[in-house]
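Down below are the structures I want you to see.
In what follows, chain A forms one complex with chain B and a second complex with chain C.
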Partner chain A sequence: MSGAGQPLWRRRSRAAELLRWLGWLLLVLLFVVCWTLMTQEQIWEFVWDAPTQAADLFSRMVPPRWSYMDSLWLPLWDTLNIATLGTLLALLIAVPVAFLAARNTTPSLLLVRPVALFIIVASRSVNALIWALLLVTILGPGLLAGVIAIALRSVGFIGKLLYEAIEEIDTRQVEAVRATGAGPAQVLDYGIVPQILPAFAGIAVFRWDINIRESTVLGLVGAGGIGLQLKASVDVLAWPQVTLIFIVILATVIASEWLSARVRRALI
Partner chain B sequence: MPPTVSPTTAGSLRLVGLTKRYRTGDQALSDVTLEVPPGQVLGLIGPSGAGKSTLIRCINRLVEPSAGRVFLDETEITALHAGGLRRARRRMGMIFQEYALVERLTVMENVLSGRLGYVSFWRSLFRRFPPRDIENAFRLLERVGLTEHADKRADALSGGQRQRVGIARALAQEPELLLVDEPTASLDPKTSRQIMRLIREVCAERGLAAIVNIHDVALAQQFMMRIVGLRAGRVVYDGPPEGLTPAVLTEIYGEEDWGPLKPAQTDEEADDAAGIPDDQDIARAL
Partner chain C sequence: MTRPASRTTRTSPVPSETAEPTLRDQAPRRHQSRDWPSHWRRPPLIADARLRWALIIAVACYLVLGIGSLEVNWARVADGWERGLRFLGGFLQPDFQSRWGDIEQGLMESLTMTLTATVVGVLISVPIGIGAARNLAPMPVYLLCRGIIAVSRSLQEIIVAILFVAMVGFGPLAGFLTLAFATIGFLSKLLAEDIEEIDAAQAEAVRATGASWLQVLNYAVQPQVMPRLIGLSLYRLDINFRESAVIGIVGAGGVGATLNTAIDRYEYDSAAAVLLLIIAIVMLTEYSSSWVRRQVQ
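This part shows the complex of A and B:
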């Protein structure tokens, strides 16, 4: 069939095909090399022993110590407050930062926008746990450090998603509002805000959901919440309490996930 | 000396040597000089990229002209600074291609947004418009036949209905001039005619001048008092709709077989072309 002048179609040329195979081969080799390097200091006796160890730990973890729940309610409430207040504080900072960072709303592309972008990147590059570690040193242990840690981490997340939403708005709607003789603040209120409101609500709820999860571990470094109890229980090898804390965290995360999904669906 | 314009009539527009070159190097307008007397409805035709949209946007300075001057009555719009420009924009209602309504706001909010140049930020933020504006907005919605849709969101309406909201928004400004950019670009032929007729009628009712960009030559011939043909940013035709002969169309758009060009092709169109629409026509248009 190729002889009769029928054009022979091939997605890639023979050379390209060969190159692709070579690429895959190199990738597999790389994996093998890395694996050997990673495991050369592994003491394999411990690994072979792992199932026994795990079974042993598990046997000490069950049944959970349900009576410990009485002393978990308050830390749990603290955890929820850290997440919620932290998200609110983050929104207060992130909304203006997003407007300063978005190409189409920033007052100055050369001066203001880079500063706003830097705030966003700086906030995003540090994990909430590390923010908490720093803040516990500065502010002392407690809820306040947790709230601020969550807020600092969330500013970048909310700011980035929000400024991207602002940059994607329909410019004709903005133009139409400007054409009526509206001032800049009115253009913002009528032309831009209605367009980003659904994205804004979605982002806020999504971040709150993430912050619930993050705030459960902040106590590990002393920033308040249920993580404090977790660390205390692990330190004294009170495994049945640890199990209960895991269950409580899991239940909280599931509940917050369900709630945020409901809210997001209602907004769209 | 300022130009002699009769002081009793408002809304006369004068463009002098209007030129626009975009930063990309595209020469959108070259030395356009044009005068639109009060009450005249002028159709701007020309191929895509001829500068029709740029011309309209240079008038209210959504696009900054590179050179040339724009006068609305005695006001030199091209000489105004931010505050003065905003006040001048109130006098020019704009109607857009694809409507450009704020989709997530209600019909009423969209119409009232035509008053933004007149009310303070705080009033507009809390949607506390003066009662006179609200009354007027209801009258306009009645005029364009959308009274019962006032509280619907703009994105719940059909294309023709949305453009009626766009017209009501422009009229809410109580303008002296309408700038109309491809008002029927995404509408079917029947709805297009209804919208064009509505624009003609409101212009006649209020003595408004209008500049209307149109893609569709037949539509321009049917509804416009005067036609200006633009090609590559220059005026190549300025005259009555009847003057659009195949030779002129070739001058504007380039070589093509233009076929029969008489606007009255069908009975319905012949009716429409015959003159002033009667009450029944208006009722149908609404």
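This part shows the complex of A and C:
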């Protein structure tokens, strides 16, 4: 119901509108370029074939071979150990790193803090599977490579969340402890640690849950656990066994997620 | 947050001020020496002593069992030690040249895969996210969309990649499908939660003007969730690149395949070069995406 001279209501000015469209156009262009680059060596016959392949795969995958379960209990226990021991090892490394990285507890802002931050970033940007790939060639296949791979990946995660928690503590409590004449170690023990303990426990359980998830596939590169069985079954195309392993992995992941959610709710 | 302050004040050795002065005059010394504890001990984390010890023993038992199951082959570790040192040396002197063709192709695949998968994943996850928001969708649609999200979230990328490689063959297309599939679960869930938390008054105001469902979506919901949607998409771009470095191990293209080949050939200097490039790109995307997110939000 706008009159002759009254402008219609618009959400944005004309220039802003144009700029927006230009941005979207650029994104579409980028997408098209990336798509052609990505698919230039693609053999499309394989793709058109995919539905029949999928149907074929599915018909081979069901029913799962339930009797295979007997040889999965031990790998499952190994997987659990990789995740738990890896998390514990990561906690041992990550706690000092976090204290060195936090602005309010680091001994030196210029020298130590950047090093600690670099450790955190480097550990976070490399996936546990890649760490495992490296460690298997160095340590040989087995659980140890898996444990260390999980630990190396988790250090960055735990370190980052923990140092952020340390930076957010209530400084008055620290000051109060210091005012009683406490030394630096006592300030840490009585002023800082009690404040971050709940966050610490929450982070540890959260990471343990993620590590269970990751340790189930570490065996693909030879680092032990149920992934070893998965790789062996995929390599010989024993699809009914693969289905069973998928079911076991899914059940483990859901169980650990449920457990960690409960523990975290109890803690916080 | 449990505040230790409340626990400490209860047992602190400060004499109470409410005692009558006459009483204090009669027994001036005894108060300080006997009646009050002169030492404070921190209360244990778990109050019940039996439970505490049971937990400690259980943890110790598990550690013995768990570490016992590791079965370390020390001779093999000693053998590998030399390789480990060679690998560390590779980090100090990474070799970008001799396999640059492979590395370049792998990186190109990873980057294109990441971008296309993120775009397609976001496009698909927006309707699913809307459908999974309880305040916009009817119950059957809600349940269907939540089901899709649950399936996508509970399957790990690498397992999905195995299946897609078996279906469409080796190469970046399998990786693209995997990453797009993983993006759907992540983004739809967070988007749905965000839509459920919007300011209902704004939606009602728009609806009161006689707006249709689509107009409510466009004028009331979209402006409220758009900044977060952009932020989440950029965050997922970041994650997708990281994952693209991994799914190559099972044949889904990308720089992970290059890395896997380099390690299989024992070319640690090339592998170190790939790893350094991955770390550099991840840091770059992480910083730029967090910068953009700060601009929009």
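Definition applied: the second predicted complex is superposed on the first by the 249 of 268 C-alpha atoms of A that agree within 3 Å, B and C clash if a C-alpha of one lies under 4 Å from a C-alpha of the other, contacts with A are read in each partner's own complex, and residues count from 1 in each chain.
Heads up, the rule we're going with is that a contact is a pair of C-beta atoms (placed from the backbone, for glycine too) under 8 Å apart; a residue touches a chain by one contact, two chains touch by 3 or more.
Note that the structure is predicted; figures quoted are calculated from it, not measured.
Trainee: Sticking to the clash and touch definitions up top, decide whether chain B and chain C on chain A clash or fit.
Mentor: On the shared chain A, the partners clash.
Trainee: Check whether A:Gln53 is in contact with chain B, with chain C, with both or with neither, and answer first, second, both or neither.
Mentor: Second partner only, chain C.
Trainee: Identify which of chain B and chain C touches the larger number of residues of chain A.
Mentor: After superposing on chain A, more of chain A is contacted by C.
Trainee: In the superposed arrangement, which partner chain does A:Met38 touch: chain B (first), chain C (second), both, or neither?
Mentor: second
Trainee: Check whether A:Pro194 is in contact with chain B, with chain C, with both or with neither, and answer first, second, both or neither.
Mentor: Both partners, chain B and chain C.
Trainee: For A:Ile130, using the defined touch cut-off, is the partner it touches chain B, chain C, both, or neither? Pick first, second, both or neither.
Mentor: Only chain C is touched by A:Ile130; chain B is not.
Trainee: Could you look at A:Val95 and tell me whether it touches chain B, chain C, both or neither (first, second, both, neither)?
Mentor: neither
Trainee: Of the two partner chains, chain B (first) and chain C (second), which one does A:Thr180 touch, if any: first, second, both, or neither?
Mentor: In the superposed model, A:Thr180 contacts chain B only, not chain C.
Trainee: Determine, for the stretches 25-33, 43-51 or 97-105 of chain B, which one clashes with chain C when the structures are superposed.
Mentor: 97-105
Trainee: Pick out the shared contact residues on chain A: the ones touching chain B in one complex and chain C in the other.
Mentor: The overlap between the chain B and chain C interfaces on chain A comprises residues 173, 190, 194-195, 197-198.
Trainee: Can you tell me which positions in chain A touch chain B when the two form their complex?
Mentor: Residues 170, 172-173, 175-183, 185-186, 189-191, 194-195, 197-198 of chain A touch chain B in their complex.
Trainee: Along chain A, where are the residues that touch chain C in the complex?
Mentor: Touch list, chain A to chain C: 27, 30-31, 34-35, 37-39, 41-43, 46-47, 50, 53-54, 57, 77-78, 81, 84-85, 121-122, 125-127, 129-130, 133-134, 137-140, 142-144, 147, 173, 190, 194-195, 197-198, 213-214, 216-217, 220-221, 234, 246, 249-250, 253-254.
Trainee: Considering the complex alone, what residue numbers of chain C touch chain A?
Mentor: Within the complex, chain C contacts chain A at residues 1-2, 4-5, 42, 62, 66-67, 69-73, 76-77, 79-81, 83-84, 87, 108-109, 111-113, 115-116, 119, 154-156, 158-159, 162-163, 166-169, 171-173, 176, 242-243, 245-246, 249-250, 256, 259-260, 263, 266, 271, 275, 278-279, 282-283, 286.
Trainee: In the complex of these two chains, what residues of chain B are touching chain A?
Mentor: The contact residues of chain B facing chain A are 60, 62, 86-90, 92, 94, 96, 98, 100-105, 109, 113-118, 121, 124-125, 166, 169, 173, 179.
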